[in-house]
Amino acid sequence: MSDELNIALLGTKFMGRAHSNAWLSVAKFFDLDLHPTMHTVVGRNEQELAAFARRWGWREHTSDWRQAVTDDRVHLVDIGTPNNVHAEQAIAALEAGKHVACEKPLANTLAAAEAMVEAASTSEGKTFVWFNYRRVPAVAMAHKLVRQGALGTIYHARAAYLQSWGGPDTPLLWRFDGDVAGSGAHGDLNAHIVDAIRFVTGEEITAIEGAVEETFITERQVLDGGSGGEIAGAGSSTSGRMGTSTVDDAVAFLARLSGGGIASFEASRVATGYHNANRFEIHGEKGALRFDFERMNELDYYNPGDGPTAGWRTIDVTRGAEHPFVEAWWPDSHGLGYEHSFVNQAADIIAMIAGASPVVPMPDFADALRTQRVLDAAIEAARRRAPIPIDPV
Amino acid sequence: MSDELNIALLGTKFMGRAHSNAWLSVAKFFDLDLHPTMHTVVGRNEQELAAFARRWGWREHTSDWRQAVTDDRVHLVDIGTPNNVHAEQAIAALEAGKHVACEKPLANTLAAAEAMVEAASTSEGKTFVWFNYRRVPAVAMAHKLVRQGALGTIYHARAAYLQSWGGPDTPLLWRFDGDVAGSGAHGDLNAHIVDAIRFVTGEEITAIEGAVEETFITERQVLDGGSGGEIAGAGSSTSGRMGTSTVDDAVAFLARLSGGGIASFEASRVATGYHNANRFEIHGEKGALRFDFERMNELDYYNPGDGPTAGWRTIDVTRGAEHPFVEAWWPDSHGLGYEHSFVNQAADIIAMIAGASPVVPMPDFADALRTQRVLDAAIEAARRRAPIPIDPV
Amino acid sequence: MSDELNIALLGTKFMGRAHSNAWLSVAKFFDLDLHPTMHTVVGRNEQELAAFARRWGWREHTSDWRQAVTDDRVHLVDIGTPNNVHAEQAIAALEAGKHVACEKPLANTLAAAEAMVEAASTSEGKTFVWFNYRRVPAVAMAHKLVRQGALGTIYHARAAYLQSWGGPDTPLLWRFDGDVAGSGAHGDLNAHIVDAIRFVTGEEITAIEGAVEETFITERQVLDGGSGGEIAGAGSSTSGRMGTSTVDDAVAFLARLSGGGIASFEASRVATGYHNANRFEIHGEKGALRFDFERMNELDYYNPGDGPTAGWRTIDVTRGAEHPFVEAWWPDSHGLGYEHSFVNQAADIIAMIAGASPVVPMPDFADALRTQRVLDAAIEAARRRAPIPIDPV
Amino acid sequence: MSDELNIALLGTKFMGRAHSNAWLSVAKFFDLDLHPTMHTVVGRNEQELAAFARRWGWREHTSDWRQAVTDDRVHLVDIGTPNNVHAEQAIAALEAGKHVACEKPLANTLAAAEAMVEAASTSEGKTFVWFNYRRVPAVAMAHKLVRQGALGTIYHARAAYLQSWGGPDTPLLWRFDGDVAGSGAHGDLNAHIVDAIRFVTGEEITAIEGAVEETFITERQVLDGGSGGEIAGAGSSTSGRMGTSTVDDAVAFLARLSGGGIASFEASRVATGYHNANRFEIHGEKGALRFDFERMNELDYYNPGDGPTAGWRTIDVTRGAEHPFVEAWWPDSHGLGYEHSFVNQAADIIAMIAGASPVVPMPDFADALRTQRVLDAAIEAARRRAPIPIDPV
């Protein structure tokens, strides 16, 4: 392989844009051993696709994903398509010997995810999963602090990913269709926080101790033109008919950590007041950490060893000499945004393909399967439920 | 009854001080229909008791609680003793026709609590339970806002009471002795937040869906002189021997609300970084509320109807003309402290004995029994556990 | 002198209540060498006075202040009257050999304040000024940290005391009458923050470098019954006539500190959004401190020496073993309120009369005169103004 | 002119990168009427320049700025060079009929700035100044709210731009050389907040009422190779010699607003604890606004009309349908970073060149001159100083 890294991107929606931006920007900010080339973009709608390719600077475009992932000129296949096609596309790419970077969650079923891991195990290609929040500097810093022993034995991990766009006025978008989306808040949001707790603590989740799954709003307005719209659905017109949501609006569960601690996870699309509150608190014998993506440039750290001046330290994780990934960007304390996490991950993907180490551990397919197993077991727990009723009198 | 209200207080420790202060201060700040008289204080250690009575201005003192609660001159018996004697003392007082104000939790067993409710149902005395946090102005305000419809249908209630004084260096205080304390964080802390969610939402908890109970630190240093010490144990000397903690350090559980929402509760004594984080978040279709006792003079409120300027409103609940209980105290925005919640409750207890309405609903024994049933069911759920293990590979 | 300390209080309004509460509570929470006795209270309205005395437990009451301050049985005269009578009352008390605790500001004119210092210098009585915020635990802690060297050379002090009750709808209360009040926001609020910066930094203010004084609302509605009302004026009825405010609504000024740093001060009654934001930020070579009375139980501290985990530490200054004054109150992290600062000061006043040292330095008349000189110089600077106009084109 | 907009960029340091990124990204995220082409980049060091051009995708590069700004193919000259060459370069570009976008502050002297405005008045080119913070969505939103009447009469504006990289360990960078930098914190930081207050309030600053200028650290270590380094100076080696800083470390001043309000401004490089705290608070009769760039995705708003639920609303200004500039980026609540403000400004510059209106008002040279006059008058006030000393006794 020359020092060129030719990329084929599958998908042109929200993640298609986020990944295109990452491949466009990464070589501007990071010094790389391989030069990423935006080679081919794959989409279904030819006309939109051409415009997308032109706007973002993809050299070629095609609606034939299979051709793209087997193209000899392509080195890395980047999958940003719906969850239910990840497996087929990733396996084909791996069989063609490509490196594969896949959006989370790994697949829409556990079986599909296992097949992907199997395919990865026999391919020369390396695999990567876009759990992008690992590379928000504050989260990467949390990982490093735990590894350095800042927390000691971990007692509690408390994670929630709270959004509120899914109220009764939101129409029946594709995200409410279980056949397409796989699940609701659970697969979309709990996936991120399960990965985050595994990444930051360095521990595994060993058991689910209880779970609740709930669809608060079962009937929603059907969109004109079907369930195609993106999250916001702003300006979408509805048909006047009602349809049934077949996914969860919220899932919460309790779990055990391999180090002896207990953990809770909660995902919701109806947590009024929160828009993107991807957050966690971790308490250990020697310290505690706290993060909320709504203030993504901050990490809170508590060190009881500070004695009379102990207090939650609000660290602005924006100082290049001290905090991961930051040096590539701007002078100190010029905050980063959402998409920087993708650019940071792109830099680490390129580094790993070139044989170097990532700044912080990168999830491959096998790693992402572990997260998927947790999500699966949580749903099983929710459905097996044996509630203890409380006497109302 | 004249306009004098003679009070007998049982207990001279932490709660004995908090209640003494309440009875001392209430008539200074509130205009009352009955005048509270600090009549008799009851304790076990005669010498300490005399000093306590002198310091706080109790007219009489005795180590014979039974005599005090049946004394003809006494109108109100205030119970601030350990949980395992609440029932006997309260029932005796009720049988003597006294009004009874009892510390939370109502009793150390469900059976004892039921007996107390039974006694209350046949007594002329009124009953009150010191769930004092209801009368923190911010919490009372939250209750009022929900009652006014500010939240609409409630989807989520998320409550936690997080402390951190129970680490491995803390010796084997009486609070770690299950025979004395009944339970650990669960009875001490979850009791408060279960009451808070019931109070603020106006809903009941109908079922427990899963629970975890954990004792992280099982062996602790035995104190010289046994397990007598107060929370901090500062300056206590230890014996060099180790003993076994027989209570939980943390209990978390998931539950259903009567209005269709889901709820989570968590209590911990090892949540490093938090000292008294008695907090909740409640999300409804039309709004959300957030409270943390560590910032007790603030209530956060989110109104999606605010449109482009919607944001969490940090209300400083300190304006006399607008916020419950505040007018009695100081000019606007001169913040209150912990003990004011007891004084506020004392004012409402006196008002109710005089036949008036309290500012916000007051828990009686029957109401507190409902909270106790929830705590009991949660522990049952934790012990019935059927975890779903997760394949480690 | 026996171990009894007989107190005569002058004034029954806001400060009369705050001081009564302090003398009532101090012996309940603190172990004292002298026992404070609420001996005599002085007020102008006989009927209100009797009710006040009964409510708070003052043994005697009189409308003749001169008799009270010369009464042989009285040891300490506590002055909570309007600023324009402080001097006469304090001097009379000092001449009678009493200890005197006087509300801030020391006097309504610099000449009066100087006369008070002169009287103090020749009296056997000790003097104290109620700059109560020094004894908010967070502020006392800030003082201690600076003294321990936590800040090093101080570059900046930035203080503001921001309220918002003085908008155009507020009627012409006595606080807007310059003859009675002396000044507006300046004397009332800047007095506190000038004292705070002097206390916390341990430095003096050596020069005023510029100042602005402004009365935004010059005409206000006259109250029925004249300008008698308290701050809130809630429920007051107005006469329909307009009258002229003769005090400032806001005063800001820039100053030099004796250690080479620069400082800014700002007081306002029309800072919409703030109710009692008595706050400061102090930046030194080695650290920084930040306080806001609206979160009075917190002190923020920044230590650059924390390296990659440096961040503002939000210290909840509520841990008895670690933070000043807290041990007297409740277990850790049971927050204090406004009036506790007065009780804390009462404890230190009693300690000093008994010959002991206060927990942190106590301002006497001479010390308060230094604060008053700063306020006076600031107004002089504002009135000498020589603005540099800016070409509008 | 075709729909191509050819850009020549002058400068390749911090601002060269920020502007390059803006021109690279703007057409990816915004739908534009003209297509920006990264035509020519100008720098002094040929070798670095070639690498810079290659990295960022500039078609051509040259060290001859005069040739670039007069090149017939160039439509827009973008100036990101040191302040002392802005005037010469901008005037040459305007004389050649180019549009000119110039970094702030407009020039290093008032005379130079006036000459630039003069040149602009006779050129066909449009002018723009990179006061990029106007296009942080929260700041743009603040402007819109004021224009909609959310504040009413403005009483107070309180602005500060606080950094802390300039302590005694920081060597003698070019930013401490008055001949190169013009001034220190004042020109660098106060320029931004004077523009911000003018922009958000819509008012002019009419007079300076007092000012302080201070150089706390006068002697600094000389860098090996002279004063060339960038802000951080990380890893720079020093020569062992000391040199003299000839710029201010901090400047504070008080001012009057055209609407009758008063304002304060403060810039510092030694405000330990703050890294990029570009912040303001504005209080009006009907409401208040608060912003801090360290939490750039939030705007705080207080509406007294909210009555009992009035509180500071923390608005996350990240909702595309509701907040300026956001829709171009990601779904709701995926926060933006520092450089997005430049991209937003690039979009508005292109819109204006194409004849459309900007989202919020854009500063041209004449507008930036008004900011410069304020800065100049503030320094004049600081140097004219007539301090009022305070008697130390």
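Every chain is named by a letter (A, B, C and D) in the order it is written, and numbering of its residues begins at 1.
We adopt the following convention: a contact is a pair of C-beta atoms (placed from the backbone, for glycine too) under 8 Å apart; a residue touches a chain by one contact, two chains touch by 3 or more.
Since the structure is predicted, the reported quantities are computational estimates derived from the model, not experimental observations.
Peer 1: Looking at the contacts, which chains touch chain B and chain D alike?
Peer 2: Both-contact set = A, C.
Peer 1: Considering only mean CA positions as chain centres, point out the chain farthest from chain C.
Peer 2: Farthest from chain C by mean C-alpha position: A.
Peer 1: How many angstrom between the C-alpha centroids of chain C and chain A?
Peer 2: From the centre of chain A to the centre of chain C is 54 Å.
Peer 1: Need the CA-centroid distance for the pair chain A / chain B, whole Å please.
Peer 2: Whole-Å distance between the two chain centres: 41.
Peer 1: Using Cα averages as centroids, what's the distance between chain A and chain D in whole Å?
Peer 2: 35
Peer 1: So which stretches of chain B touch two or more other chains?
Peer 2: If we look for residues of chain B contacting two or more partner chains, we find 312, 316, 319.
Peer 1: In their shared complex, at which residues does chain C touch chain A?
Peer 2: Those residues of chain C that touch chain A are 141, 145, 150, 298-301, 303, 306-316, 319, 322-323.
Peer 1: Tell me, which parts of chain C touch chain B in their complex?
Peer 2: For this pair, the touching residues of chain C are 14, 17-18, 20-21, 24-25, 27-28, 55-56, 163, 165, 230-232, 234, 275-276, 293-297, 316, 318-321, 330-340.
Peer 1: Taking the touch rule as given, give the residues of chain A at its contact with chain B in the complex, in rising order.
Peer 2: By the definition above, chain A touches chain B via 153, 155-156, 158, 160, 164, 167-168, 204-212, 214, 216, 249-250, 252-254, 256, 260-262, 264, 266, 268, 270-274, 281, 283-288, 290, 302, 304, 312, 373-374, 377, 380-381, 384-392.
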